[in-house]
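Each of the next two complexes has chain A plus one more chain, namely chain B in the first and chain C in the second.
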Partner chain A sequence: MNHHPGAWGQPLPAHAQFDMFNPGQSYRQAPKAAPITHTQQPLVTGTSVLGIKYEGGVMLAADNLASYGSLARFRDIQRLHPLGKQTVIAASGDMSDFQWLKKELDSILREENGLSLTDSHPSLSPQHIYDFLANLFYARRSKMNPLWNAMLVGGWDNKKNESFLGFVDLLGTTYSAPTLATGYGAHIATPLLREAYEDKAGIDGKGPLLTAEEAEKVLADCMKVLFYRDARSINKYQTATVTSEGVKISDSKSVETEWGFAESLRGYGAQNQ
Partner chain B sequence: MALFDQRPAYAHEPTVAPIEHRFSPYSDNGGTILAIAGADFAVIAGDTRQSEGYSIQTRYARKVWQLTDNATLATNGFAADGKNFVKRVKQRLEWYEHAHHKPMGLKAIARMIQTMLYGRRFFPYYVYNILGGIEEDGTGAVYSFDPVGSYEREACRAAGAAQSLVQPFLDNQIYFKNQTPAPGAEAFVPGRLPMATVLGLVVDSFTSATERHIEVGDGLEMYVVMKEGRQTTDLTDEGQLPAGMKVEELGSMGEGRGEKTFLVSMPLKRD
Partner chain C sequence: MSSIGTGYDLSVSTYSPDGRLFQVEYANKAVEAAGVAIGLKCTDGVILATERLLHSKLLVKGANRRIQSVDDHIGMATAGLLADGKHLGSRAREEAGSFRENYNDPITVQILADRLSGYTQAYTCYGSVRPFGISTLVAGVDKTGPRLFCIEPSGVHYGYRATAAGKGKALAKTELEKLLGAREGGIGVKEGVDEVARIIHLVHDDNKDKDFELEMTWVCEASGWKHAAVPQELLVEAERKARAALEEGMEED
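Now for the complex of A and B:
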C-alpha cells in the first residue's frame, strides 16, 4: 500500500500497478516542472579580488566591473558585501551566483539577528560564515551544480581579538593565509602582496604587520598592476576594511596610470617601421 | 585481418559537436604524506604546502589529523575532499564512542575508512589516505588506502606528489630491499627501527622531496604516536632532535589506554 499522504484517498488508475520498490512515485506522476538548470559556465563575471591582513584588521579590494565575456558590461557593480558588523565577503566569478548568495546570506543574518535580540544567542563570527560558505560550496560542487565563484571572507573575530581571512571556491577548496587573491590576481598580485607582508612581518609572520595606510598602498599597487595586465579589469575599485570597530566599505577610487610609453612601443600591430 | 580493414563508420565523420567545457568536480592540491611504523610507535607525516597547478595557495594547510589517542590520519589529493572526508570520519568516531563508551580501535578505524571510501565508489573522494597508530596488541601500525578503499597494513607508505621519489627510498631503508645482511648477522625485520632513525628518515625524505618536487615544501608536520607506558625521553629530552624542530605533546582526546601523541614540526624550503 502507498502510505504517502499525497496518495491518500486516491484510487489506483486503470492498468497501474503498485511499485513496492518505489512507493512514492508508483502511479502518481510528479507535476511536470521546468527542467533543472545548472550553472555550466559563468556568464557575467567579476575578475580578481584581493585580501591582506594588517595591524588591527583585514582589508579586501575588488574592482567595480562585471564583464559579459570580453565586453565590459556593468561598470558600477559592488563586489564587496558586508555581513553583519565583523565580516565582509568579496566575490569573483559569476555575478548572478553572487547575487543569489548575498540574498541567501542576508536572510540568514537577518534571522540570526532576530534571535540575538531575544536571548543570549551569539552573533555569527567570520569563522562561522566562512564554514557555512565552505560547506555550501562543497555541497553544491558535489551535486554537480556549483556556485561559480571564488570568494574571500575577511573579518575580525571579537572573541579571539584577531583578524580572519579565508578563501573558498566553486570546488569547495578552502585555505587561509595572511594574503590572498583569486583568479588572475593569484598570479599577478600574490607575489606583490606576499613580498610586502613578509618584508615587515617576516616569513613566520611574527613581526609587526603593515599599517592600514601601508596595506591600502600595496592593494592600490596591486590593483594598478592588475589594471595594466588584466584585460577584464577596470580602473575603478573599492576597498573594505574590517577592524574591531566594524566594517567600512570605501567609495570607488582609481589609481594613477601612465600610458605615455605606449607611443614608443613597436611590434604590436600596424606600424610603418 | 579483413575484419580490421574497414574502419567503423563514425571514424570517417568529422567531429561536429562543439568543444564542451564541462564542470570538473576535482582538483589536485599537491603535497606528500608518509607514515612509518615502529615496534611500539608510529610516525605519520605530511608537508604543509597546498597548491594548484604552479600556484602555491597557502604555505600552511594541514594534511595530518589526530583522530584518537592511538590513531592519526594523513590525507592527500583533492584538499576539499580530504577535509570533508576527515570531518565524516571524526563524526563516525564520535558516534562510535557514544554507542560503545570506548574509542574505536585502529584496525576498526581502518575497516571503517575502507567502507566509507567504497561507499563513494561511483563518485570517489579523490584522496589517498594513510592511517597510522598503535594497534590493540600494542604494535605500531600503518594502513594505506587508495581512493576507493583498497587497503592493507604495511610497515611504511608514502603517497602524493612525491610518492615516486620517497617510496623507493623507504623500500630500501625500511624494507631493506636490495640490502644483504653482513655474514653471520641477523636477518632484517622491517618495522623494528628505533625512533631516532625513523624520524631521521622522515626528515630526509621530505627535505629531498622538497628539493626535487615543486609541490612539496614550506613546512613538515610529523605526528608521533607512542604506546602507553613507553619512554618518551628519546623525543622530548633536550638535544634528542636536530635543531630547529618544535615538539608539542598533544593532550589526551578521551578514555584511551594512555597512548601519547606528539607533534614534531619543522620548516621546509619555500622555493
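Now for the complex of A and C:
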C-alpha cells in the first residue's frame, strides 16, 4: 500500500493492481501538496486564572478543569506551575501547549540551576521568566503558530524585595497590574478584584495591601462567581502563593454554593409552567 | 616514562609497535599534574571533592571551580585540564537534557557515564584530535541509588564505591580503601564529608604544592537529592577537623 498521507483515500488508477513484490511502486502518485497548517484553535482548554498582589506576596488561583469543548473532560488538572523558588505561572487556554511550555521552562531552569554552581550567578527572577514568555509568545504568533494560552506570572523578586504579577497571551500582549485575570475572569472577576484591592490600597495603590487571608477570601469569592457564571468552570480550584519564603501551592478546595434559586428559573429547574 | 615517542606519538591514531597509544598516556600525565579529585559513594548519598590548587594569590575566592552540575541529581568533578572539563561538562548537560527530552525521565548515572565515556573514547580514534586531558568522576543518586563512576582519558569507565584522580590519587585511594575496609555497611554522607576533607588535606603536600581551596558537593537527603555544594559551615568544620587530625598524626610520627 502507498501509505503517504497524500495518497490516503485516493482510488487506485485504472488497471492498477497491487504489486505485493514491489509495494508502493506500481501505482504511486505524486503526493498531493497540502498547505502547512498550524494550531488554529485550542482543543483541551482551561478557563480563566486570577491573580492578586497582597502584603508580602502574590496569590494566583485556577480551577482544576480541562475542558474538551463544552465537555468537562479532565477534572483533576493542576493549572498552576512553580518555576524555581520565586515564580509561579498559571495557564488558561490550550492545555497541551501549557504542558509543552512547562517542560520547556523546567529544562531552562534546570540548566540555569546547574550553571549556578560553577559561576554562582543569580537564579532567574520572575521578571526574567515573564520577559522570556512574552518574547516566546510574540515570536510564535509572528510565525502564525501561536501557543494558545493566556498566562499569569506571579512571583517575588528577592533582589528588589517586591512582588511581581504580569499577564501575557497568545498574541504576545503583555501588561502588569496589582490584580489580573484572564479570559472570562477578565470580565467577571477583574471588577471584584479591583474593588477589594482599591478599598484598602486606594486607587493609587499607596495604601496598605490586603492581608493573605483577605486576598484568599477575595479569590474564593471570585472563583465562586465564576463558577456560577462560567459554564467551563468547576467548583474545585487551587491557589498558589509566592512570598520571600518561596512558592506554596494549595490542595484543591471548593466554595459553598447555593442553587435553590434555580428551581424557579424557567428552563432550569423542574418544568411545570 | 620509558616511552619517549620515537615517532609513534605524533598521532593518537597510530599504535606503537608494542600496542600502546602514547598520546593517551600523555593525557594521563596531564591528569596526574592536577590537584586530587575524590568521589565517595555513601549509604545515603554521594560526595565529590577536589583540591583546587591556586596558581595565583590574585584569584577570586571560589573561582574556577572543578565540580559542575550535570542535572538536578548528578554532578561531575574533573582532574586535569580545566577547559577540557568544562567541555565535557557541557556535553554531559546536553546528554542529560536530551535524555529527559526523549524519555521524560532523569538520566541514570550509569547511562550518562556510558555516553560520556563513548564520547571520550572517540577522541582516541582520530589523527585530527587529541584525547581529553582529564579524568572525570561522575556521581549522583538516581532510581538505582547512589552511583559513582570514573572516566579516564582512554574512554574506559568503571563504577566505584570510592575513587580518586589526579596528583596523589594512589595515596588517596589507599586511604579510601582503609576507610571503607573498616566499615562493613559503608559510610554515611555526614561522616563521609569529614573523611573526604581529611584525605584531601592529607594528600596535599604543603611543601611542594601551592595553596588550595577545598571544593565539595554532594547529593543526599539534606540537599533534597539534588547536586549542591556542601553547606559552608559543614565544610569549615570538616576542614578544621581535618587539620586537627593531621597535626595529631604528625605528633605521633
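Keep this in mind: the second predicted complex is superposed on the first by the 231 of 273 C-alpha atoms of A that agree within 3 Å, B and C clash if a C-alpha of one lies under 4 Å from a C-alpha of the other, contacts with A are read in each partner's own complex, and residues count from 1 in each chain.
Criterion: a contact is a pair of C-beta atoms (placed from the backbone, for glycine too) under 8 Å apart; a residue touches a chain by one contact, two chains touch by 3 or more.
Everything numeric here is computed off the predicted structure, so don't read it as measured data.
In the superposed pair of complexes, A:S107 makes contact with chain C only, with no contact to chain B. Contact with chain B, but none with chain C, is seen for A:Q40 once the two complexes are overlaid on the shared chain.
Once the two complexes are overlaid on the shared chain, A:T211 sits clear of chain B and of chain C alike. When both complexes are overlaid on chain A, the residue A:S120 reaches chain C alone and has no touch with chain B.
Taken in their complex, chain A has these residues touching chain C: 103, 107, 110-111, 113-115, 117-118, 120. Interface of chain B with chain A (complex): residues 21-23, 25-27, 29, 50, 52, 55, 57-61, 78-80, 83-84, 123, 270. Put simply, chain A touches chain B in their complex at residues 38, 40-41, 138, 141-142, 144, 146, 167, 170-177, 186-187, 190, 203.
Taken together, the chain C residues at the contact with chain A in this complex read 62, 65, 67-72, 75, 89, 93, 97, 100-101, 104, 217, 227-229.
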